[in-house]
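Next, two complexes with subunit A in common: one pairs it with subunit B, the other with subunit C.
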Partner chain A sequence: MKLRLTTRGALEAAAYGTFILVILLLPTVADVFWLNRFAKYLVYGMLGIAVALSWGYAGVLNLGQGLFFGLGAYMVAMTLKLQSETSMQQGADTPIPDFMAWNSQPGALKDLCCIAPGSWLWIPFQSQAFGIAMVLLVPTAVAFLIGWSIFRLRISGVFISIITLALVLLVRLLIVDWQPVTNGFNGLTDLGWLTFGGFEFDPYVVPTYYLVAFGTVAVLLLTRLLVATRAGLVLQATRDDANRARYLGYDVARYQVFFFTVSGLIAGIAGAFYVIASEFASPTFLDLTFSVSMVVWAAVGGRNSLLGACIGAILINTIQATVSESEMLAEAWKAIIGLIFVLVVLFLPRGIAGLARDIAMRLAALLGRGTPAAQPLQKSE
Partner chain B sequence: MADTLFIGLSLASILLLVALGLSIIFGSMGVINMAHGELAMIGAYTAVLSGIYLHLNLIAAIPLAFLVTAGVGWLIERLVIRHLYKRIMDTLLATWGIALLLQQAIRLQFGATFFGVNIPGLGTGLQNVSLPAFFQQSWKIGDFVIQPYRSFIILVTIALAVATWALLYKTRWGIQVRAIMRNPEMAAACGIDVRKVSSMTFAYGSGLAGVAGVLLAGFKTVSPEMGATLVVDGFMVVVVGGVGSLVGTAAAAGILGEINGIVSLVSNDILARAVVLALVIGVIMWKPTGLFNFKGR
Partner chain C sequence: MAQNALVIDGIGVDFSGFKAVDGFSTVIEEGEVRVLLGANGAGKTTLMDLISGKTKSTEGSVHLFGREITNLEEHQIAQAGVGRKFQIPSVFRDLTVRENLIVACARQPSVLGNLRLRRNAAERRRFDEVVELTALGDVLDRVAGVLSHGQTQWLELGMLIGQGARVMLLDEPTAGMTVGETMKTAALINRLRGDYTMLVVEHDMAFVREIASKITVMHLGKHLAEGRVEQIEQNPAVREAYLGSGGIH
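The block that comes next holds the complex of A and B.
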């Protein structure tokens, strides 16, 4: 890849640089309470990236991104739950999830092997390394299987949205129904902290913010590099015209499966970070509303721009949190977000990123450097 | 068992009304109307409000709700959908925004609570429409108990399904709609005013949702979020039945409604929904065009 610094490229690099700088310098101005909040918004930003990758770049509107988020969240929550000391304080010999102890038969052996049917599944999660490996492995494997089935069968468009939507609702129901192992509706609370090399990642300390921040920056940059590779270009060609890409000799499904899987993995990692910052995991992560919200964030930020979708997610959630301080406004906000969404779809299909790009290109042209703004705009699907 | 099948059938009926509207709209315009459940919700609220302010009973509320929701649907088509015909996937998102807006507007009572005005019958409170006394008794034939309201739901649905069939296959408008379903450009070339027919189609589909809402109001709590799950279920029916196939939609509504009823009888509600979802995923994987599709593309 030859590095050609066009006006457009320079502007993009500047945008990425500014964003990363702001994120990394935030701890100098904000206190730990706000940093913890902001860490969650960064997680939402990662979800925005995941959606932009599958929707903007692959043309696949996944309405079940929450499935991977939820899987990642549950994997890390299970291992952190066993770090919690509550059960040991209540007289168990080995850590067991408190809800299992409460629900167990009187006189049942208080051990993960047999306290509840299926509780043995928790045994390997006593190792934190195993939990973290599962965060990477489970969403990836599930996303690969789903992607493989969908794209090999050449299912496209709306049908993918409906399948993914049905899947996330299905898994949500299974988690709710599997009460003895997952604690059903209540989800997993009272979690311990992630420990790494003797350091405990208390959600309310600066290093935890940096953990999430570096994670977000890494995901953002790696994904940006990934879509600029040859494979990324083939993917975009497929989005624009799948048959043409097929006739050109590309095994289209292979690219689609790969990027669908990457998008799932990103959502899974986001889920894990969210649990570290918020100390709970619950089936609400797999609610339809949450999955659609991610799409809203990406649409407002700009579905064709990874950075735009990321910023869109952070922006909307920051505004939402500010507005939610008053109960009346919080309710009105939901109506406003609905309205904003309709307006964005109608008048700003490329989102904030598209708007910013146009304005920046105009300015650059006015200042008389680089190419004029008259260039083909990215096609919006 | 017969009781379960009967209740399943009445639930399937409401599902069918929701799905019929979705199917016609999706079939002829390609629009995925995520606000369809909210239209049903508005129908239910029309029943509540007309009961309070106009002293109409549930039966009289049905035509009124049809008109109101058809009007709302017509407005949605005019203001939003019309501008998105070239970007079909975006209609899904825009209508989702509309759904949020409608839901929240009802919850905020059109924003009136913002200014301290309270409209009785609207808002988050748990409304229930009182049924006419006629529907509250139950008839017995041998061992079999017939609940009149459940039968009424089934009858209304059959009537509307037949009416829809007649509209689509026996009227000029129906021929135009079916022509647009097959090929909009060709239909336009033959002199059909696609835009006008489309807004009528959207209004009619919305009206059906409104009727479903009124029927739901008879046995379910009326609340701003009652429509949210409805659209998902409706879509499952449309997809399983095959887009644009009336018979398929009816059969799919029956099958999914009954499976839901039977599985919840032998295990629980949660698993019943899970089974239905799994089935739907299976059908899409196996036959993306639906089980009963006549149309080969």
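The block that comes next holds the complex of A and C.
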């Protein structure tokens, strides 16, 4: 196969390079408070990537992406809660989350094993490694099971959106209702810090920003690589015409399940990073508005572009944070973002990424007049 | 003697009382180009649905090179070696022609087996062969959605070649084509003759005479007649069945 370095490919590489450079160089100009804020936007960027993978590449509009984000968040929050000094100083011999101690029946044994029904689930989270393993495992397993049920039954289109939407609300309800174990509505607050080899990831230090930034870059590049593989191409084929793919011999459901699961895993990882940067986990992560917001970010950024969706999420949230400083603008913002969404859906179906690509291609063609616009750089394998 | 490629034995489907295909049997030899004739609604497309797994049969069986494929899943039947071209051409419209063919030529159906960036030698050879046969070399980097009708049909045919289908089911491959395009398609099918076994649904008799080794006529879901082109054109039962729809022309 010839490796073609087309204008288009070169522009894409340049866009990725610039983006990565900007986020890695940000600490040279921003203070730690700003960096902490930006780390959260990078997490939203990861969510944009997860949505683009599932919506843009697989044609599956998941309106419950917050479910996986929430699961990842809670998994890491549970382990960090048990690291927290204040949580443990509730007069118990072993670490117990403070809310469990406050809520416990008088005379109940102050131990994770039996302070509340189901509290034993917390026991293995005393190990931070276990918590991190669960961040990867739980969203993946749940996404796999949901994907398997949906795609085996050949459910498609709007029905997937309805089912995923119902599921995220259902799990939200379960978390809120299971107050003794999850602290219900209040979520998990007052968390400890992630610790690696003695280093504590205080949310307000530069290394924590880099942790999130490298995580984002890794997710972005690995996902980009994934969609460039043959499997990624087959996935896009199933999006265009699932039957055609079936009659070529592909078990379409397997491709859909695989990428749905990867998308869920990315959202789960994003949830964990969010907790590290914000020091809390809350059932609001599973609010419908949050999952819908992710879709808006991806649509505005460009759902067919992983980078576009990522930048869309970062951009919208940065602007939102700036305007919400003033109360009047904050109210107007909701209307503005709604309007932008409608305009993009109507006039810019490929989002900012599509627009940028068109403009850049045109510029490249103008500058390179005389030489062919798409110069195949023939390089044999 | 040639091997039997496709043995259809008493296949049928009952759509809650209505038998669109009813106890249909035929044997297609390897390398044969069989044309399936029949008036509108005779059940030709449904027969292809039954062979390719789109519709599950309620009676009968299908064997492909001696292996039973009755009522397997679509992708299993495809992997066994049956390729299908639809009456309404279907290609991956948002992918380029190149990508369409790469997807078709992949020799590995599993997800994990496809987590790779490069094609192997066999896949590349197959790709080049398809590009040569279908003459799509000039439009490889176009998005399939903008191809002309004829090119779309050839791309779909090319995908069947690429997937390594030993038996091809072609549902009206020249529908909507100009005379020139139809002749080009006939030439392509004649080039594939011998290497591939084909079952072709077609109404255009000029095209049928060009390609058919043998014709099978279907009427109201049943097998009506079978034979060489001249035999079928003379057959009184066929003439009778076609009277309502203007006869064979």
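Operating definition for what follows: the second predicted complex is superposed on the first by the 364 of 381 C-alpha atoms of A that agree within 3 Å, B and C clash if a C-alpha of one lies under 4 Å from a C-alpha of the other, contacts with A are read in each partner's own complex, and residues count from 1 in each chain.
In this section, a contact is a pair of C-beta atoms (placed from the backbone, for glycine too) under 8 Å apart; a residue touches a chain by one contact, two chains touch by 3 or more.
Every value quoted in this text rests on a predicted model; they were computed, and no experiment measured them.
Asker: Is A:Ile162 in contact with subunit B, with subunit C, with both, or with neither (first, second, both, neither)?
Answerer: After superposition on chain A, A:Ile162 lies in contact with subunit B alone.
Asker: Considering only the touch criterion stated at the top, classify A:Arg244 as touching first (subunit B), second (subunit C), both, or neither.
Answerer: A:Arg244: touches subunit C, not subunit B.
Asker: Would you sort A:Met328 into first (subunit B), second (subunit C), both or neither based on which partner it touches?
Answerer: first
Asker: Of subunit B and subunit C, which one touches more of subunit A's residues?
Answerer: Between subunit B and subunit C, B touches the greater number of residues in subunit A.
Asker: Going by the contact rule set out at the top, does A:Leu109 touch subunit B (first), subunit C (second), both, or neither?
Answerer: So A:Leu109 meets neither subunit B nor subunit C here.
Asker: So in the superposed three-chain picture, is A:Leu288 touching just subunit B, just subunit C, both, or none of them (first/second/both/neither)?
Answerer: first
Asker: Given the touch rule stated above, what does A:Val234 touch, subunit B (first), subunit C (second), both, or neither?
Answerer: second
Asker: Is A:Leu339 contacted by the first partner subunit B, the second partner subunit C, both or neither?
Answerer: It touches subunit B, and subunit C stays clear.
Asker: Find the residues of subunit A that appear in the contact set with subunit B and again in the contact set with subunit C.
Answerer: Of subunit A, residues 381 contact subunit B in one complex and subunit C in the other.
Asker: Can you check the complex and tell me which residues of subunit C touch subunit A?
Answerer: 52, 54, 73-75, 78-79, 83-84, 90-95, 99-100, 102-104, 106, 108-112, 114-119, 124, 159, 163
Asker: Within the complex, which stretch of subunit A touches subunit B?
Answerer: Within the complex, subunit A contacts subunit B at residues 61, 149, 153, 155, 157-159, 161-163, 165-167, 169-170, 173-174, 176-177, 288-289, 292, 295-296, 299, 328, 331-332, 334-335, 337-342, 345-346, 349, 380-381.
Asker: Using the touch rule from the top, collect the residues of subunit B that touch subunit A in their complex.
Answerer: 32, 80, 83-84, 87, 89-90, 92-94, 96-105, 107-108, 111, 113-114, 228, 232, 235-236, 239, 268, 270-271, 273-274, 277-278, 280-281, 284-285, 288
Asker: If we count contacts the way the header does, which residues on subunit A are in touch with subunit C in the complex?
Answerer: Those in contact with subunit C are residues 1, 225-226, 228-231, 233-234, 236-237, 239-241, 243-252, 254-255, 258, 381.
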